[in-house]
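Two complexes follow with chain A in common, the first pairing it with chain B and the second with chain C.
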Partner chain A sequence: MYQWSSKALGRKSFCLLSRRLISLSSVQGKVQSPKIKTEHRLSYEKANNTRVGDSAIQRPQSATDFGNYKRESFVLNLTEEDALKIPSILALHARLNLSPNFEKRTLVRALTSRMEDNQYADNQQMAIFGSNILSYYVTEYLLSTYPRLPIAILKAATEAYIGDFSLHDVAKNQWGIEADTSTNLEKYLLKEPKLFKFGKLRFDQLVTDVEDGITRFNNASKTSLAASTAFANSARAIVAGVYAADGEASAKEFIDLHILSRKVDISSMFEFEEPGKLITRLLRTKNMELPTIRLISETGRQSSSPTFIVGCFSGDSLLGEGQGSSLKEARIRSCVNALKAFYLYRPLDPKRPSESTFKPMFVDEGESFY
Partner chain B sequence: MSGFTLRFVGRSQIKHNTSGIQVINKRSVVFAKGPRVKGALRDPEDILTVNGIRYGSSEDNLKPLKTFLQTKLKGKYELPDKLLLQIITHKSFAHGTQPYNARLSYFGKELIQLSAAKYALSQPTDNEFAINNLNFDSLGSFTQSFMKSEKLLKEYAVLNNLDTVFFRRLALPSGREDADYKPRSIWSTLTASLVGAIATQHGKKAAEEFIQQEIFAGTLDQVIKSKSTPSKSD
Partner chain C sequence: MAGINILQQVSRARNGIGAFVHPCRRIVITYCNFGGSSQGTRDFLRTRLKSFAEQYPHIHFNVLEKPGFHPVLRAEYTDGLDKQICVRKWDVNVVENKLKLLVNSSGRKLSKPKQLVKSLNKSVRGIWSPFHVDPSQRHKV
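Right after this comes the complex of A and B.
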């Protein structure tokens, strides 16, 4: 039996020991605590802040001489002639309606992820650029269209447009990019020309199907990627390719056509815990009359399925309307709709800062009551 | 306890009118001013004051930023007073009850990030892997990432004295503050929201010009030289 003294162990560990009856591990103090790194929760933020690692880059004398940086692993580059022989590349080029300035071999590079033992130019840094330009134009669009979106919702909406899963969907299901998953043996048996593999998305897979019914999950190496990230990076790299070939205006048009044209339901991203309280506080900070709920119409109050329609008013102005099978439900819905009407405010004919017909934008003050 | 004063305030008045006699209920609240007193309500005036400067769009408060925009940039990017006050107010100030710069700085940071990437691509190159003479190989490197970092944005704000009047929560609960204590997550919002405000009022092109000429051409080299060339990845 040991007699633990609180002095020897420190107060905290004493409490822990006496309560949980466990002994001090001999490893304690030897195990390094993990280094704290800035964590980016959303995948578009991760893509924006990807670091290549300085061991992979040859840096010139002056650190700001960006023209003379060179990637160590880049040795081989597919020629344009070879790229023209790959049917899937030609098909993708035509499907995306890319301009003739966009070289076919750039498309091959956009489909090549950073891999171990790969000497061809890869898409990692193109994807960083693509991610930067995508996140700017999406943010610009969201802020000018919905100037009052809270930042958390703004980020969630950006993620819904250009996060890994959305871009995976764009690249795979809309653009028809295929992953190269067949083995060398299968390619040999199919008598597939070696060049054809460049027409598919190639990456070190984090999860592989070893054989039917067996999936291997722990392929983690420095270069392995989840399928969604690899597809998303190829989409980002193609956007960067459009920028390189035809300039920023074309890249913006490309983003408008392929990314911002998708429907994102921002209204469903809001969740209010106490809508009645929130609308009261909001109106108070805006120096408006406090909300009153009034019944607008009702039917079947005595029946098993009544319906009530109520309005949330500030003075004489109707802020939001809600319907429900009880008065309480209708009231809560009306408050939620009033809050959504405020946060999802859209200026008439919003103009983005990158447009030539730009007018000064509406700038919101921020959520002053939180 | 010394150094604090107590202030009596009649905060709420309730008037009754019962059978012709008017009764006024007055509730007096005591506010503590100065150092924190446990259990006492803080004076709201205290919260609206940073280092002796009272919050508000007075000429004195806006003057430093206004003169910066007028003299240094030849009045090219003038901004309305309301927006200037919003730029110099951080979310932490007065519990976020005043208009603050979070959304402007978020937008500004996005634009700075894009400009940093475009700047890296725009440098002349003879790299054989460049696409249409644009060399992507520097993206994601230490120095290129530094161009969009909060550290650089903070340095720019400090070098140009944008923080002469800056409304934010004082660092310590006691209200004491170290002159060197300038957390970059707070100070970087000054530069970023200035960029964001220029973009919202004068368009993307004007804001990009500002970033190129002011931050990248002016401050970047200065900061990199003063901190000795960064070589390791962090």
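Right after this comes the complex of A and C.
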């Protein structure tokens, strides 16, 4: 079916990115365009997950023949007929509203992690590719919606959407993927058909609950995974499957519906150490007047519950307002609000580069200091 | 960035905003093959189960024979919760209605909401301040 390999897919996804970048410039023809540096990567990725051993990949003669990279580490692949006999796979397919192009056996593969002594096709490359698509669309969304986010917050917000813990919640508690934790003996006693184990998420568990109150910490092998990583990888693999079955637009829609629709409160991700100094430094780099804190109104200064409202001004313009039960508290709040008003700036109708109505424009010069 | 620390978060689910994933994942129907209390359940399995299950392709139906026990309908939900209903002595219509009840449930216990609106978002008004009230509307001592 689909042959996945990290290098081919890695390059493919990079090509997608670079094509978009190049299309913005009009320099073509004889003028040699400068090479795009790839040192600064905004995209979310896991460095320990992106390489596959060379022995596992069969390379074509031409290195750019991306369709013909093949994995050799599996010998068996479940047939579509067999996959159609697994009720939990059929139910999951219907629950996620996947298209008929998305084969049931691709779903089986997405639920199979890389394991020791596993002869069946696993989801490793699918997960890597899915992770790349997810990181592309989520960073694209965040950058166009909040163009002034500091890079550390941008990374943390991406992690909040597509990190292991978030996708674990998506796969387990939203999509209802079940982990296969029963032993072979239990399966035999239940008279469960052998095929049914393919309908559950299978992975080498780092931690197993032997029985009530007893937890066993297994020796970590090359393939053992934490439960959160295994679930997250299955979610990433399903995203990759959507891309392979229905193309880029469907994958984007799938991510919009299932991942970007979740709630992340970016404004509460900030913690400013010295907001007064930060706002001063920010205004200085913007060549604006330095901040002055002015008292707007107050009540009960001599009482046990005074209230002050102060504003953080640059010249005549009010940047942020803060209230507190002491002047210091109100002042700090006003500075924090001014900083948040800057960093959380949001265009009225944000358009993403992958949308057809997107018009490239100069949004912001980026972070002016670190 | 110097001076700005990060408070890491994990995104929270809002089922129905974006995609709606049906919460009911699996339904297990247990029945006894000769007991009188399972008569209605057996009728349901024989005459209606096929058409009923076809309406809900996203649910995995599982039928278990459990001789000597009353019939029980158990539903498992995506967030790990489950609900059980004993349909002892009930006829085929009641069994079907109880199944519909399980299918349409989110798996959580029924509770009366205390607020009219339940939201993950912070209040847009912020903290109440006496100074932002229009002077003509202010309380006068």
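Definition applied: the second predicted complex is superposed on the first by the 307 of 370 C-alpha atoms of A that agree within 3 Å, B and C clash if a C-alpha of one lies under 4 Å from a C-alpha of the other, contacts with A are read in each partner's own complex, and residues count from 1 in each chain.
What we mean here is this: contacts are C-beta pairs under 8 Å (C-beta built on N, C-alpha and C of every residue); 3 or more make two chains touch, one makes a residue touch a chain.
Computed from a prediction, not measured in an experiment: that's the story for all the values here.
Chemist: Please indicate which partner A:Ala244 is in contact with in the superposed arrangement: first for chain B, second for chain C, both, or neither.
Modeler: first
Chemist: Going by the contact rule set out at the top, does A:Ala160 touch chain B (first), chain C (second), both, or neither?
Modeler: A:Ala160 contacts chain C only, not chain B.
Chemist: Which partner chains sit in contact with A:Asp82 here, chain B, chain C, both or neither? Use first/second/both/neither.
Modeler: A:Asp82 contacts neither chain B nor chain C.
Chemist: Using the superposition on chain A described above, determine whether A:Ile151 touches chain B (first), chain C (second), both, or neither.
Modeler: Both partners.
Chemist: Could you look at A:Arg59 and tell me whether it touches chain B, chain C, both or neither (first, second, both, neither)?
Modeler: First partner only.
Chemist: A:Asp169 in the overlay: touching chain B, chain C, both, or neither? Say first, second, both or neither.
Modeler: Touch status of A:Asp169: second partner only.
Chemist: Of the partners chain B and chain C, which touch A:Glu103 in the superposed model: first, second, both, neither?
Modeler: first
Chemist: Which partner chains sit in contact with A:Gln124 here, chain B, chain C, both or neither? Use first/second/both/neither.
Modeler: After superposing on A, A:Gln124 lies in contact with chain B but is clear of chain C.
Chemist: According to the stated criteria, A:Asp180 is in contact with first (chain B), second (chain C), both, or neither; which is it?
Modeler: In the superposed model, A:Asp180 contacts neither chain B nor chain C.
Chemist: Which parts of chain A are touched by chain B and by chain C alike?
Modeler: 151, 367, 370
Chemist: Which positions of chain A touch chain B when the two form their complex?
Modeler: Touching chain B: residues 48-55, 57, 59, 63-71, 74, 77, 101, 103, 106, 109, 121, 124-126, 128-129, 132-133, 135-136, 139-140, 143, 151, 154, 240-241, 244-245, 248, 285, 352-354, 358, 360-361, 363-370 of chain A.
Chemist: Which part of chain A faces chain C closely enough to touch in the complex?
Modeler: 87-88, 90-91, 94-97, 150-153, 156, 159-161, 163, 165-166, 169-170, 172-176, 256-265, 268-274, 277-278, 296-297, 299, 307, 309, 323, 367, 370
Chemist: Would you pull the chain C residues touching chain A in the complex into a rising list?
Modeler: That would be residues 1-15, 17-19, 21-23, 25-26, 57-62, 77-80, 120, 122, 127, 129-131 of chain C.
Chemist: Can you list the residues on chain B that touch chain A in the complex?
Modeler: For this pair, the touching residues of chain B are 83, 86, 91, 96-104, 106-107, 110-111, 113-114, 116-121, 123-129, 131-132, 134-145, 197, 199-205, 207, 220-221, 224, 229-233.
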